[in-house]
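Should a chain be cited, it is by its letter among A, B and C, assigned in written order, with residues numbered from 1 in that chain.
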Amino acid sequence: MKSYRQELWFNLPARMEFLNITPQVAECVKSSGVREGMCLVNAMHITASVFINDDEPGLLNDYKKWLEELAPFDPSPERYHHNRTGEDNADAHHKRQIMGREVVVAITEGKLDFGPWEQIFYGEFDGRRKKRVLVKVIGE
Amino acid sequence: MKSYRQELWFNLPARMEFLNITPQVAECVKSSGVREGMCLVNAMHITASVFINDDEPGLLNDYKKWLEELAPFDPSPERYHHNRTGEDNADAHHKRQIMGREVVVAITEGKLDFGPWEQIFYGEFDGRRKKRVLVKVIGE
Amino acid sequence: MKSYRQELWFNLPARMEFLNITPQVAECVKSSGVREGMCLVNAMHITASVFINDDEPGLLNDYKKWLEELAPFDPSPERYHHNRTGEDNADAHHKRQIMGREVVVAITEGKLDFGPWEQIFYGEFDGRRKKRVLVKVIGE
(Lines give C-alpha, C1' and ligand atoms only; values in the text may rest on other atoms or scores of the structure.)
Protein backbone atom coordinates (compact mmCIF):
# COMPACT_ATOMS: atom_id res chain seq x y z
CA MET A 1 0.00 0.00 0.00
CA LYS A 2 1.24 3.47 -0.92
CA SER A 3 0.53 6.60 1.09
CA TYR A 4 1.11 10.28 0.41
CA ARG A 5 0.68 13.41 2.54
CA GLN A 6 0.65 17.07 1.56
CA GLU A 7 -0.39 20.28 3.30
CA LEU A 8 -1.93 23.10 1.24
CA TRP A 9 -1.64 26.57 2.77
CA PHE A 10 -4.01 29.48 2.19
CA ASN A 11 -4.34 33.06 3.37
CA LEU A 12 -7.66 34.42 2.14
CA PRO A 13 -8.17 38.19 2.48
CA ALA A 14 -11.85 38.04 3.55
CA ARG A 15 -13.52 36.69 6.66
CA MET A 16 -15.66 34.34 4.51
CA GLU A 17 -14.52 33.08 1.11
CA PHE A 18 -14.53 29.97 -1.07
CA LEU A 19 -11.58 28.75 -3.15
CA ASN A 20 -11.58 25.99 -5.76
CA ILE A 21 -8.63 23.76 -4.79
CA THR A 22 -9.30 20.92 -7.26
CA PRO A 23 -6.11 21.55 -9.29
CA GLN A 24 -3.89 21.34 -6.19
CA VAL A 25 -5.60 18.14 -4.99
CA ALA A 26 -5.32 16.58 -8.46
CA GLU A 27 -1.60 17.40 -8.40
CA CYS A 28 -1.27 15.58 -5.05
CA VAL A 29 -2.98 12.50 -6.49
CA LYS A 30 -0.57 12.55 -9.43
CA SER A 31 2.44 12.92 -7.11
CA SER A 32 1.22 10.05 -4.93
CA GLY A 33 1.53 7.52 -7.74
CA VAL A 34 -1.68 5.87 -6.47
CA ARG A 35 -3.83 4.36 -9.27
CA GLU A 36 -6.64 2.87 -7.14
CA GLY A 37 -7.45 4.18 -3.67
CA MET A 38 -8.93 7.03 -1.69
CA CYS A 39 -8.03 10.69 -1.20
CA LEU A 40 -8.96 12.46 2.05
CA VAL A 41 -9.02 16.26 1.94
CA ASN A 42 -9.74 17.99 5.26
CA ALA A 43 -9.50 21.41 6.81
CA MET A 44 -6.91 21.34 9.60
CA HIS A 45 -8.63 24.30 11.24
CA ILE A 46 -12.00 24.22 12.97
CA THR A 47 -13.33 27.43 11.44
CA ALA A 48 -12.92 26.21 7.86
CA SER A 49 -14.44 23.55 5.61
CA VAL A 50 -13.61 21.38 2.66
CA PHE A 51 -16.63 20.50 0.51
CA ILE A 52 -17.60 19.54 -3.02
CA ASN A 53 -20.04 21.49 -5.11
CA ASP A 54 -20.37 23.63 -8.23
CA ASP A 55 -17.86 26.33 -9.24
CA GLU A 56 -20.54 28.89 -10.07
CA PRO A 57 -20.05 32.39 -8.60
CA GLY A 58 -23.79 32.97 -8.05
CA LEU A 59 -24.07 29.79 -6.01
CA LEU A 60 -21.03 30.63 -3.90
CA ASN A 61 -22.61 34.01 -3.21
CA ASP A 62 -25.87 32.25 -2.23
CA TYR A 63 -23.96 30.03 0.21
CA LYS A 64 -22.45 33.08 1.92
CA LYS A 65 -25.85 34.72 2.36
CA TRP A 66 -27.45 31.49 3.57
CA LEU A 67 -24.70 30.66 6.06
CA GLU A 68 -24.89 34.22 7.39
CA GLU A 69 -28.62 33.68 8.00
CA LEU A 70 -28.10 30.30 9.69
CA ALA A 71 -25.20 31.46 11.89
CA PRO A 72 -24.71 35.25 11.80
CA PHE A 73 -21.37 36.86 12.57
CA ASP A 74 -21.74 38.52 15.97
CA PRO A 75 -18.60 39.28 17.98
CA SER A 76 -20.59 40.18 21.10
CA PRO A 77 -20.59 37.66 23.95
CA GLU A 78 -24.40 37.75 24.16
CA ARG A 79 -25.34 35.59 21.20
CA TYR A 80 -22.43 33.14 21.38
CA HIS A 81 -20.87 32.03 24.67
CA HIS A 82 -17.72 31.12 22.74
CA ASN A 83 -17.05 34.81 22.19
CA ARG A 84 -16.76 35.28 25.98
CA THR A 85 -13.29 33.75 25.59
CA GLY A 86 -12.15 36.87 23.73
CA GLU A 87 -12.69 35.22 20.33
CA ASP A 88 -15.09 36.75 17.80
CA ASN A 89 -15.39 33.70 15.51
CA ALA A 90 -18.11 31.53 17.07
CA ASP A 91 -20.19 31.94 13.91
CA ALA A 92 -17.34 30.40 11.89
CA HIS A 93 -17.42 27.23 14.04
CA HIS A 94 -21.13 26.92 13.20
CA LYS A 95 -20.81 27.63 9.48
CA ARG A 96 -18.09 24.98 9.24
CA GLN A 97 -20.46 22.34 10.63
CA ILE A 98 -23.02 23.04 7.88
CA MET A 99 -20.44 22.82 5.09
CA GLY A 100 -18.39 19.97 6.61
CA ARG A 101 -14.76 19.32 7.56
CA GLU A 102 -13.69 16.91 4.88
CA VAL A 103 -14.33 15.03 1.68
CA VAL A 104 -13.20 11.56 0.69
CA VAL A 105 -12.80 11.10 -3.06
CA ALA A 106 -12.25 7.81 -4.90
CA ILE A 107 -9.11 7.50 -7.01
CA THR A 108 -9.59 5.40 -10.15
CA GLU A 109 -6.95 4.87 -12.83
CA GLY A 110 -4.76 7.49 -11.17
CA LYS A 111 -7.35 10.28 -11.13
CA LEU A 112 -10.00 11.86 -8.88
CA ASP A 113 -13.13 9.88 -9.76
CA PHE A 114 -15.62 12.72 -10.21
CA GLY A 115 -19.07 13.31 -11.63
CA PRO A 116 -19.43 16.00 -14.30
CA TRP A 117 -19.57 19.08 -12.05
CA GLU A 118 -17.80 18.07 -8.86
CA GLN A 119 -15.16 20.55 -7.69
CA ILE A 120 -13.37 20.63 -4.32
CA PHE A 121 -13.60 23.86 -2.35
CA TYR A 122 -11.80 25.27 0.63
CA GLY A 123 -14.38 27.17 2.69
CA GLU A 124 -12.94 29.90 4.87
CA PHE A 125 -15.10 31.38 7.64
CA ASP A 126 -12.45 33.20 9.70
CA GLY A 127 -9.85 34.30 7.21
CA ARG A 128 -7.18 36.96 6.92
CA ARG A 129 -4.54 34.58 8.31
CA LYS A 130 -2.57 31.52 7.19
CA LYS A 131 -4.49 28.26 7.43
CA ARG A 132 -4.06 24.84 5.90
CA VAL A 133 -5.72 21.79 4.38
CA LEU A 134 -4.42 18.22 4.62
CA VAL A 135 -4.40 15.90 1.61
CA LYS A 136 -3.81 12.23 2.42
CA VAL A 137 -3.82 9.57 -0.27
CA ILE A 138 -3.77 5.81 0.30
CA GLY A 139 -3.97 2.98 -2.21
CA GLU A 140 -1.75 1.34 -4.75
CA MET B 1 -4.86 -4.33 -1.62
CA LYS B 2 -8.07 -4.94 -3.55
CA SER B 3 -10.25 -2.21 -5.04
CA TYR B 4 -13.69 -2.22 -6.62
CA ARG B 5 -15.76 0.43 -8.39
CA GLN B 6 -19.41 0.50 -9.34
CA GLU B 7 -21.83 3.22 -10.46
CA LEU B 8 -25.47 3.02 -9.39
CA TRP B 9 -27.92 4.89 -11.62
CA PHE B 10 -31.25 6.38 -10.52
CA ASN B 11 -34.07 8.33 -12.13
CA LEU B 12 -36.45 9.44 -9.40
CA PRO B 13 -39.79 10.85 -10.57
CA ALA B 14 -40.01 13.67 -7.97
CA ARG B 15 -37.93 16.79 -7.46
CA MET B 16 -37.11 15.68 -3.89
CA GLU B 17 -37.09 12.02 -2.85
CA PHE B 18 -35.14 9.54 -0.70
CA LEU B 19 -34.27 5.99 -1.74
CA ASN B 20 -32.81 3.24 0.45
CA ILE B 21 -29.82 1.91 -1.52
CA THR B 22 -28.40 -0.37 1.18
CA PRO B 23 -29.08 -3.60 -0.78
CA GLN B 24 -27.23 -2.34 -3.86
CA VAL B 25 -24.24 -1.17 -1.78
CA ALA B 26 -24.14 -4.49 0.11
CA GLU B 27 -24.06 -6.26 -3.25
CA CYS B 28 -21.07 -4.15 -4.30
CA VAL B 29 -19.23 -5.09 -1.11
CA LYS B 30 -19.92 -8.76 -1.81
CA SER B 31 -18.72 -8.44 -5.40
CA SER B 32 -15.54 -6.66 -4.28
CA GLY B 33 -14.31 -9.69 -2.34
CA VAL B 34 -13.01 -7.30 0.34
CA ARG B 35 -13.22 -8.74 3.88
CA GLU B 36 -11.62 -5.84 5.81
CA GLY B 37 -11.62 -2.31 4.47
CA MET B 38 -13.69 0.76 3.71
CA CYS B 39 -16.57 1.51 1.38
CA LEU B 40 -17.08 5.04 0.04
CA VAL B 41 -20.54 5.86 -1.31
CA ASN B 42 -20.93 9.33 -2.82
CA ALA B 43 -23.34 11.25 -4.99
CA MET B 44 -21.63 12.08 -8.30
CA HIS B 45 -24.01 15.03 -8.75
CA ILE B 46 -23.96 18.22 -6.72
CA THR B 47 -27.72 18.45 -6.20
CA ALA B 48 -27.95 15.04 -4.50
CA SER B 49 -26.77 13.44 -1.25
CA VAL B 50 -25.80 10.09 0.18
CA PHE B 51 -26.49 9.79 3.91
CA ILE B 52 -27.20 7.23 6.61
CA ASN B 53 -30.29 7.32 8.77
CA ASP B 54 -33.50 5.45 9.61
CA ASP B 55 -35.78 3.88 6.98
CA GLU B 56 -38.97 5.24 8.55
CA PRO B 57 -41.43 6.97 6.18
CA GLY B 58 -42.52 9.58 8.76
CA LEU B 59 -38.91 10.66 9.31
CA LEU B 60 -38.20 10.91 5.58
CA ASN B 61 -41.30 13.10 5.29
CA ASP B 62 -40.00 15.24 8.18
CA TYR B 63 -36.67 15.69 6.41
CA LYS B 64 -38.41 16.95 3.27
CA LYS B 65 -40.42 19.53 5.22
CA TRP B 66 -37.38 20.63 7.23
CA LEU B 67 -35.09 20.97 4.21
CA GLU B 68 -37.79 22.97 2.43
CA GLU B 69 -37.84 25.36 5.41
CA LEU B 70 -34.03 25.66 5.53
CA ALA B 71 -33.61 26.14 1.77
CA PRO B 72 -36.94 26.67 -0.04
CA PHE B 73 -37.39 25.86 -3.71
CA ASP B 74 -37.61 29.19 -5.52
CA PRO B 75 -36.86 29.30 -9.25
CA SER B 76 -36.86 33.09 -9.34
CA PRO B 77 -33.48 34.83 -9.61
CA GLU B 78 -34.27 37.07 -6.63
CA ARG B 79 -33.69 34.69 -3.74
CA TYR B 80 -30.83 32.71 -5.27
CA HIS B 81 -28.21 34.28 -7.56
CA HIS B 82 -27.50 30.79 -8.94
CA ASN B 83 -30.88 30.85 -10.65
CA ARG B 84 -29.77 33.86 -12.72
CA THR B 85 -27.82 31.33 -14.81
CA GLY B 86 -31.10 29.90 -16.10
CA GLU B 87 -31.08 27.06 -13.56
CA ASP B 88 -33.92 26.66 -11.07
CA ASN B 89 -32.17 24.29 -8.66
CA ALA B 90 -30.18 26.52 -6.31
CA ASP B 91 -32.22 25.18 -3.38
CA ALA B 92 -31.04 21.65 -4.24
CA HIS B 93 -27.38 22.71 -3.91
CA HIS B 94 -28.19 23.97 -0.39
CA LYS B 95 -30.23 20.94 0.70
CA ARG B 96 -27.39 18.67 -0.40
CA GLN B 97 -24.94 20.48 1.92
CA ILE B 98 -27.20 19.79 4.93
CA MET B 99 -27.56 16.08 4.14
CA GLY B 100 -23.99 15.56 2.90
CA ARG B 101 -22.28 14.23 -0.24
CA GLU B 102 -20.95 10.91 0.97
CA VAL B 103 -20.65 8.23 3.61
CA VAL B 104 -17.68 6.02 4.44
CA VAL B 105 -18.67 2.67 5.93
CA ALA B 106 -16.34 0.14 7.52
CA ILE B 107 -16.23 -3.36 6.02
CA THR B 108 -15.68 -6.11 8.57
CA GLU B 109 -15.72 -9.84 7.80
CA GLY B 110 -16.95 -9.07 4.30
CA LYS B 111 -19.98 -7.01 5.33
CA LEU B 112 -21.05 -3.39 5.90
CA ASP B 113 -20.27 -2.86 9.59
CA PHE B 114 -23.51 -1.23 10.74
CA GLY B 115 -25.31 -0.37 13.95
CA PRO B 116 -28.86 -1.71 14.39
CA TRP B 117 -30.77 0.88 12.34
CA GLU B 118 -28.23 2.28 9.89
CA GLN B 119 -29.44 2.36 6.28
CA ILE B 120 -27.82 4.14 3.32
CA PHE B 121 -30.00 6.61 1.41
CA TYR B 122 -29.71 8.37 -1.89
CA GLY B 123 -31.14 11.86 -1.41
CA GLU B 124 -32.43 13.46 -4.57
CA PHE B 125 -33.12 17.23 -4.59
CA ASP B 126 -33.39 17.87 -8.33
CA GLY B 127 -34.80 14.69 -9.79
CA ARG B 128 -36.75 13.63 -12.85
CA ARG B 129 -33.54 12.78 -14.71
CA LYS B 130 -30.82 10.11 -14.65
CA LYS B 131 -28.20 10.60 -11.97
CA ARG B 132 -25.65 8.35 -10.34
CA VAL B 133 -23.85 7.32 -7.18
CA LEU B 134 -20.30 5.99 -6.96
CA VAL B 135 -19.40 3.01 -4.78
CA LYS B 136 -15.66 2.51 -4.24
CA VAL B 137 -14.34 -0.28 -2.03
CA ILE B 138 -10.75 -0.71 -0.90
CA GLY B 139 -9.23 -3.28 1.45
CA GLU B 140 -8.32 -6.92 1.37
CA MET C 1 -2.63 -4.00 4.70
CA LYS C 2 -3.51 -3.97 8.39
CA SER C 3 -6.99 -3.37 9.77
CA TYR C 4 -8.31 -2.80 13.27
CA ARG C 5 -11.83 -2.49 14.71
CA GLN C 6 -13.01 -1.27 18.08
CA GLU C 7 -16.38 -0.24 19.51
CA LEU C 8 -16.54 2.56 22.09
CA TRP C 9 -19.62 2.50 24.36
CA PHE C 10 -21.19 5.53 26.02
CA ASN C 11 -24.16 6.19 28.28
CA LEU C 12 -24.58 9.95 28.61
CA PRO C 13 -27.00 11.14 31.31
CA ALA C 14 -28.56 14.00 29.29
CA ARG C 15 -30.71 13.99 26.17
CA MET C 16 -28.14 16.20 24.36
CA GLU C 17 -24.46 16.19 25.29
CA PHE C 18 -20.99 16.30 23.72
CA LEU C 19 -18.04 14.18 24.79
CA ASN C 20 -14.40 14.53 23.70
CA ILE C 21 -13.38 11.02 22.62
CA THR C 22 -9.97 11.90 21.15
CA PRO C 23 -7.99 9.95 23.78
CA GLN C 24 -9.94 6.74 23.14
CA VAL C 25 -9.55 7.08 19.36
CA ALA C 26 -5.82 7.80 19.72
CA GLU C 27 -5.53 4.62 21.80
CA CYS C 28 -7.21 2.64 19.00
CA VAL C 29 -4.74 4.00 16.47
CA LYS C 30 -1.86 2.98 18.74
CA SER C 31 -3.32 -0.51 19.21
CA SER C 32 -3.80 -0.91 15.44
CA GLY C 33 -0.07 -0.69 14.75
CA VAL C 34 -0.90 1.33 11.61
CA ARG C 35 1.74 3.95 10.75
CA GLU C 36 0.23 5.33 7.52
CA GLY C 37 -3.47 5.04 6.77
CA MET C 38 -6.93 6.27 7.62
CA CYS C 39 -9.11 6.10 10.71
CA LEU C 40 -12.91 6.11 10.36
CA VAL C 41 -14.90 7.08 13.46
CA ASN C 42 -18.69 6.87 13.12
CA ALA C 43 -21.75 6.84 15.32
CA MET C 44 -23.44 3.42 15.05
CA HIS C 45 -26.74 5.03 16.06
CA ILE C 46 -28.81 7.37 13.92
CA THR C 47 -29.57 9.88 16.67
CA ALA C 48 -25.90 10.60 17.40
CA SER C 49 -22.95 12.22 15.63
CA VAL C 50 -19.20 12.10 15.49
CA PHE C 51 -17.61 15.41 14.54
CA ILE C 52 -14.40 17.40 14.91
CA ASN C 53 -14.28 20.85 16.45
CA ASP C 54 -12.95 22.82 19.41
CA ASP C 55 -13.04 21.56 23.00
CA GLU C 56 -14.31 24.87 24.41
CA PRO C 57 -17.31 24.69 26.79
CA GLY C 58 -18.85 27.95 25.56
CA LEU C 59 -18.85 26.70 21.97
CA LEU C 60 -20.39 23.36 22.91
CA ASN C 61 -23.11 25.30 24.74
CA ASP C 62 -23.63 27.43 21.61
CA TYR C 63 -24.03 24.30 19.49
CA LYS C 64 -26.76 22.99 21.81
CA LYS C 65 -28.71 26.24 21.62
CA TRP C 66 -28.28 26.46 17.83
CA LEU C 67 -29.30 22.87 17.16
CA GLU C 68 -32.35 23.35 19.37
CA GLU C 69 -33.33 26.34 17.22
CA LEU C 70 -32.76 24.45 13.94
CA ALA C 71 -34.58 21.28 15.08
CA PRO C 72 -36.46 21.75 18.37
CA PHE C 73 -37.26 18.82 20.65
CA ASP C 74 -41.00 18.24 20.36
CA PRO C 75 -42.40 14.84 21.34
CA SER C 76 -45.83 15.63 19.94
CA PRO C 77 -46.79 13.97 16.63
CA GLU C 78 -47.81 17.33 15.13
CA ARG C 79 -44.42 18.82 14.29
CA TYR C 80 -42.65 15.58 13.38
CA HIS C 81 -44.41 12.67 11.66
CA HIS C 82 -41.69 10.36 13.00
CA ASN C 83 -43.11 10.81 16.48
CA ARG C 84 -46.38 9.23 15.34
CA THR C 85 -44.53 5.92 15.62
CA GLY C 86 -44.44 6.30 19.41
CA GLU C 87 -40.89 7.71 19.35
CA ASP C 88 -40.14 11.18 20.74
CA ASN C 89 -36.71 11.63 19.16
CA ALA C 90 -37.38 12.97 15.65
CA ASP C 91 -35.45 16.13 16.55
CA ALA C 92 -32.38 14.00 17.30
CA HIS C 93 -32.43 12.52 13.77
CA HIS C 94 -32.35 16.09 12.42
CA LYS C 95 -29.64 17.39 14.75
CA ARG C 96 -27.45 14.43 13.78
CA GLN C 97 -27.64 15.42 10.09
CA ILE C 98 -26.32 18.92 10.86
CA MET C 99 -23.38 17.63 12.91
CA GLY C 100 -22.64 14.56 10.75
CA ARG C 101 -22.33 10.79 11.22
CA GLU C 102 -18.60 10.30 10.86
CA VAL C 103 -15.11 11.65 10.49
CA VAL C 104 -12.19 10.22 8.56
CA VAL C 105 -8.81 11.18 9.99
CA ALA C 106 -5.43 10.64 8.35
CA ILE C 107 -2.88 8.57 10.25
CA THR C 108 0.71 9.70 9.73
CA GLU C 109 3.74 8.24 11.51
CA GLY C 110 1.42 6.24 13.77
CA LYS C 111 -0.66 9.19 14.99
CA LEU C 112 -3.90 11.06 14.24
CA ASP C 113 -2.76 13.76 11.79
CA PHE C 114 -4.43 16.81 13.32
CA GLY C 115 -4.32 20.58 13.06
CA PRO C 116 -3.68 22.54 16.27
CA TRP C 117 -7.21 22.51 17.72
CA GLU C 118 -8.89 19.48 16.20
CA GLN C 119 -10.64 17.23 18.72
CA ILE C 120 -13.05 14.37 18.02
CA PHE C 121 -16.46 14.56 19.70
CA TYR C 122 -19.27 12.14 20.23
CA GLY C 123 -22.51 14.11 19.87
CA GLU C 124 -25.47 12.60 21.70
CA PHE C 125 -28.99 13.83 20.83
CA ASP C 126 -31.09 11.10 22.44
CA GLY C 127 -29.10 9.96 25.44
CA ARG C 128 -29.75 8.29 28.77
CA ARG C 129 -29.05 4.85 27.28
CA LYS C 130 -26.07 2.81 26.07
CA LYS C 131 -24.91 3.68 22.56
CA ARG C 132 -21.73 3.10 20.63
CA VAL C 133 -19.19 4.46 18.18
CA LEU C 134 -17.18 2.39 15.69
CA VAL C 135 -13.48 2.99 15.13
CA LYS C 136 -12.03 1.30 12.03
CA VAL C 137 -8.39 1.73 11.05
CA ILE C 138 -6.81 0.60 7.77
CA GLY C 139 -3.28 1.11 6.50
CA GLU C 140 0.13 -0.32 7.19
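Simple rule for what comes next: a contact is a pair of C-beta atoms (placed from the backbone, for glycine too) under 8 Å apart; a residue touches a chain by one contact, two chains touch by 3 or more.
Just so it is clear, the model here is predicted, and its values are computed rather than measured.
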{"item": "For chain C, the least number of touch steps when starting out from chain B", "value": "1"}
{"item": "Interface numbering overlap (same over half, different under half) for chain A and chain B", "value": "different"}
{"item": "Chain centre separation in whole Å, for chain B relative to chain A (CA means)", "value": "20"}
{"item": "Per-residue overlap in chain C, given as positions that touch at least 2 other chains", "value": "1, 38, 70, 98, 100, 104, 138"}
{"item": "Residue numbers on chain B that touch chain C, as the complex places them", "value": "1, 36-38, 51-54, 56-59, 61-63, 66, 70, 98-100, 103-106, 108, 113-118, 138-140"}
{"item": "Chain C contact footprint on chain A (complex, rising order)", "value": "1, 3, 5, 38, 40, 42-46, 70-71, 80-85, 90, 93-94, 96-98, 100-102, 104, 132, 134, 136, 138"}
